[in-house]
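Presented below are the structures under discussion, each in the form of structure tokens.
You will see two complexes here that share chain A, one where it goes with chain B and one where it goes with chain C.
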Partner chain A sequence: MQFPPELRYSQEHEWVRVEGDEAVIGLTDFAQHSLGDVVYIEYRSQPGDHVAVGDVVAEVESVKAVSEVFSPVGGELLDTNEDLDGAEELVNQDPYGGGWLLRIRLSDPAQVDALMDASTYQAFVAEQDS
Partner chain B sequence: MRLMRTPFYQLHVEAGARLVDFSGWEMPLQFSGILDEHRAVRESVGLFDVSHMGELRVKGPRALDALQVLMTNDVSAMVDGQAQYTVMCLPSGGIVDDLLVYRFAEDDFLICVNAANRQKDLDWVLEHNPFPKGAFVTDESARWAQVALQGRNALPILKGLVDFPLEQVGTYHFTLGAVAGVTGCIVARTGYTGEDGYEIFLSPAGARTVWEALMAAGEPYGIKPVGLGARDTLRLESRYCLYGNDIDHTTSPLEAGLGWVTKLDKTAPFIGKDALRAQKSQGLSRRLVGMVVERRIARPHQDIIANGRKVGHVTSGTRSPSLDLNIALGYVPRPLARPGSRLQVDIRGRLANAQVVRTPFYRRPY
Partner chain C sequence: MSTVKTTSGTNGLLQSEPLLFERSVEGRTGWRPATSGVPLADDLPEDLLRQAPMRLPELSEPEVVRHYTRLSQWNYSIDTGLYPLGSCTMKYNPRVAEDLAALDGFAQLHPWQPVETLQGALHVMAFVEDSLKALTGLHAVTLQPAAGAHGELLGLLLIRACQESRGDPRSKILVPASAHGTNPASASMAGYQAVEVPAGPDGILEVDTVARLMDDQVAGLMVTHPNTLGLYERNLSSICKVVHEAGGLVYGDGANLNALMGIVRPGDLGMDVMHFNLHKTFSTPHGGGGPGAGPVAVTQELEPFLPVPVIHRGDPLTLEWDRPNSVGRVRSFYGNFGVVLRAASYIMEMGAQGLTHASRMAILNANYLRVRLSKAFEVAFPQPCMHEVILTDRLQRAHGVQTIDIAKRLMDYGFHPPTVYFPLVVPHAMMIEPTETESLDELDAFADALIQVAREAGQQPDTLKSAPSRPSLGRLDEVGAARFPDLRYDFDSTQ
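Presenting the complex of A and B:
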């Protein structure tokens, strides 16, 4: 299972990659593995919406289960990943790349510091899995 | 309580399966992924561990008479070496379980029941056996491991591993023989996927030998081990009922579309007959229907809505990997049950459009 060191991680198994004052968000390798084959993604927020930490921004549905995606940071939703429409399997195949879900302009970059780093998240997952 | 493990458990761990608790059994949910495993079965072949299923033996001079009272189907119509799908009902017409009956001889039957219902079924059969001095019931579940080899290439794979002419075993028939040198197996041409294939009962001691032989013989065909996740998508596309979802003690076989195994005119006074006859003569109030749901996946227990009112509920729902549609089963009032009928499903507070369609959703093309 992959835990790229340059990312930050939430307890709800989202990852965040900071690019300037923007954040790209997706589901972690652990999350996609737990969900199994993703077949639907439904966004609850649209570009232009303001989202707060903990808001449900999307619903990701696999053959077996459905999971809500909580925004790990707050700010203006800039973009959702339209390439996933009809290619939802990218969430499974490339969770940290082509499977990204959202791009947000950070209202408070300090919120990112509250998230886990890769080694802390890896330990968190190991605990959850046992 | 510690989870029970089938004789194939170690093989699943070695294969990297994701394991889940399924009615007290630690079973593989998936190996390579539900979609991949589903496709393997539809396009070629897959191998399932179904050892969690229960097996009850009914033997004795009145075994047939006892089964005629316990089962809704006409067990007397079977010949030696034949298998039959049936349900057992309560006096109310509700379903105790759905199961397969295998006839070895007029005085010797095996019945294969759902894992979750094994103890309940055993208790039920013992308590309602009308001829306890002539029909003897024993639980053989611990004696049998079971695999299902399913898909259009099941026959060529199994053919080379058995010591009898496999082509001569017709659909819903079985024979006794050796598989990969493991003697005393029951090889039945039955399944829960909608494909051609076999269910093989074997001694737990032969589990690894048989599994590895089938996987090796299946390799040229791209055989995959298949978990419970794809077992569910496969059975739902074929509209096979799942006990606990689509049928239970509150649903009758007539409502569930299982009238074809409910022989109301057989002479034996089977349990539930009067209630089911009354239900038939008064007309059913609801039916289990197949639906295609737009854009979202319906899940069990969600409300079915018509004209803004709740009219029923979903019992099973999934993405159909073969059809690329969202399919579901659910109970609706009879006037809404005809194909083309437009409904909605309340999916976590939002309504999705649905339409009643003919079932099965998928029918094998060969």
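Presenting the complex of A and C:
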């Protein structure tokens, strides 16, 4: 299971990659493993919306269940990944790359610091899975 | 083999059945109605008229009858074997209820008959209402909701009506993380915001957690008891007190009432409103989309808000419509009477002692399976369970075998798999509810099969990963079915 060291991680199993004052957000490798094959993604927020930490921004449906995606940071939603429409398998196949979900302009970059680093998240996952 | 033409029907385990479209022969007819004497309407808008006949398949009557009869024989049902779906209470439906429902006095009734001529039916309904009151310790019952989720929606509307009449309308409903998905959905449909309540480490709701979430916007708590982990919510009466003190009401989801009959009355614990699934606890048939029934019981405070009509207990029985505080109608006529009638038959057949015994045996059977399977599988919560038990695939995952593979392999042994991947709070769950209607022999056969599957997981994991191999169809492409559903017959690509 992959835990890229340059990313930050939430307890809800989202990852955040900071690019300047923007954050790219997706589901972690552990999350996509737990979900199983993703079959449908529905965004609950649209570009231009302001989202706060913990807001439900999307629902991801897999063959096992429907799960909510909570925004790990706050700010203006800039973009959603439209390439996933009809290619939902990218969330499973390339969770940290082509499977990204959202791009947000950070309103408070300090929120990223509150998230876990890769080794902390890896330990968190090990505990969850034990 | 390749020269042998595959035929329709059942030949040992060889089952195949083409679509009716594929069997269609132009000009073949089964039944020809006489020419209608009714003149064609000539004033319909042109754009609504069909320009060409519908392309219906053309077959003879026996071909159609055989097609559907063969398909029906592929069905798996409680009449063909154990059906251990957790939180679904798939118990045997006694045939005597069908005999009763087929009696002319019931079968020929029409709901528009004058109420004086419906006395027998109203007595049956009143009997079921009284029985549900006795089992729950609640004050009044409506039989109208057509299914469990319909009962949930009504229960929430009753909570809203009650709190609005108190001058205290609220916006949120607490729902435990282990709840049936219908609970947050019903809350949302009723216009409430569902707020998730996490359980404690042993799967039980804790008083402090609920107390912390209660505020003046929380209308109440929706709770399933025993919960969907198959566990007894031992803090429930304290939790109900906390909810009441903060101005909230407690909604009981009756999905798991089969564990409580004659043992605990939910009303005594402090529940204010509760629905029943007659097709679970009271042994009426689970429809394949067919009729269910989800009666709702309430406290005295909530009674004025019940949907109309209610049965007025005079002599004769009458239907009362003049109830100014009622939430209104929720169903045509009086609910699914045929289902209520079968439940009445079940309750009369069992009696109070029989119902209590049924719940005790349901609990015993689940615990028997829990203990028998506890070496081969991880049991999610090792303490004694109620009427259902949850296993996981933890011991098998070392071999790359997952819950889905275990469930599919069980089919090769002729058993319907249990509920899988639910409740969501237990990763990789297998949720088994044997019910009281299975014999010890049947429970042992099921446990033996599961233990054998667990053994195979270590010895021949690939067999599990490609299972099932014996049913007419192997492992289905669930991802493909969800992402690219093929629901229409495409004439052009196949003809």
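We take it that the second predicted complex is superposed on the first by the 130 of 130 C-alpha atoms of A that agree within 3 Å, B and C clash if a C-alpha of one lies under 4 Å from a C-alpha of the other, contacts with A are read in each partner's own complex, and residues count from 1 in each chain.
Here, a contact is a pair of C-beta atoms (placed from the backbone, for glycine too) under 8 Å apart; a residue touches a chain by one contact, two chains touch by 3 or more.
Quick caveat: nothing in here was measured; it's all calculated off a predicted structure.
Asks: What is the contact status of A:42 with respect to chain B (first) and chain C (second): first, second, both, or neither?
Replies: A:42 contacts chain B only, not chain C.
Asks: Examine A:88 and indicate which partner it touches, taking first as chain B and second as chain C; both and neither are also allowed.
Replies: So A:88 only meets chain C here.
Asks: In the overlaid three-chain picture, which partner chain does A:22 touch, first (chain B) or second (chain C), both, or neither?
Replies: Neither partner.
Asks: Go through the superposed model and pick first if A:63 touches only chain B, second if only chain C, both, or neither.
Replies: both
Asks: Do any residues of chain A touch both chain B and chain C, and if so, which are they?
Replies: Residues common to the chain A contacts of chain C and of chain B are 37, 39-40, 61, 63-64, listed in rising order.
Asks: Inside the complex, what are the residues of chain B that reach chain A?
Replies: Touch list, chain B to chain A: 29-30, 33-36, 229, 233, 295-297, 299, 318-319, 321, 348.
Asks: Quick one: which bits of chain C touch chain A in the complex? Just the residue numbers, please.
Replies: Listed in rising order, the residues of chain C that touch chain A are 421-422, 424, 427, 478-479, 482-483.
Asks: Sort out for me which residues of chain A touch chain B in the complex.
Replies: 36-37, 39-40, 42, 59, 61-64, 66, 92
Asks: Note which residues of chain A are touching chain C in the complex, please.
Replies: Touching chain C from chain A are residues 34, 37, 39-40, 61, 63-65, 88-89, 129.
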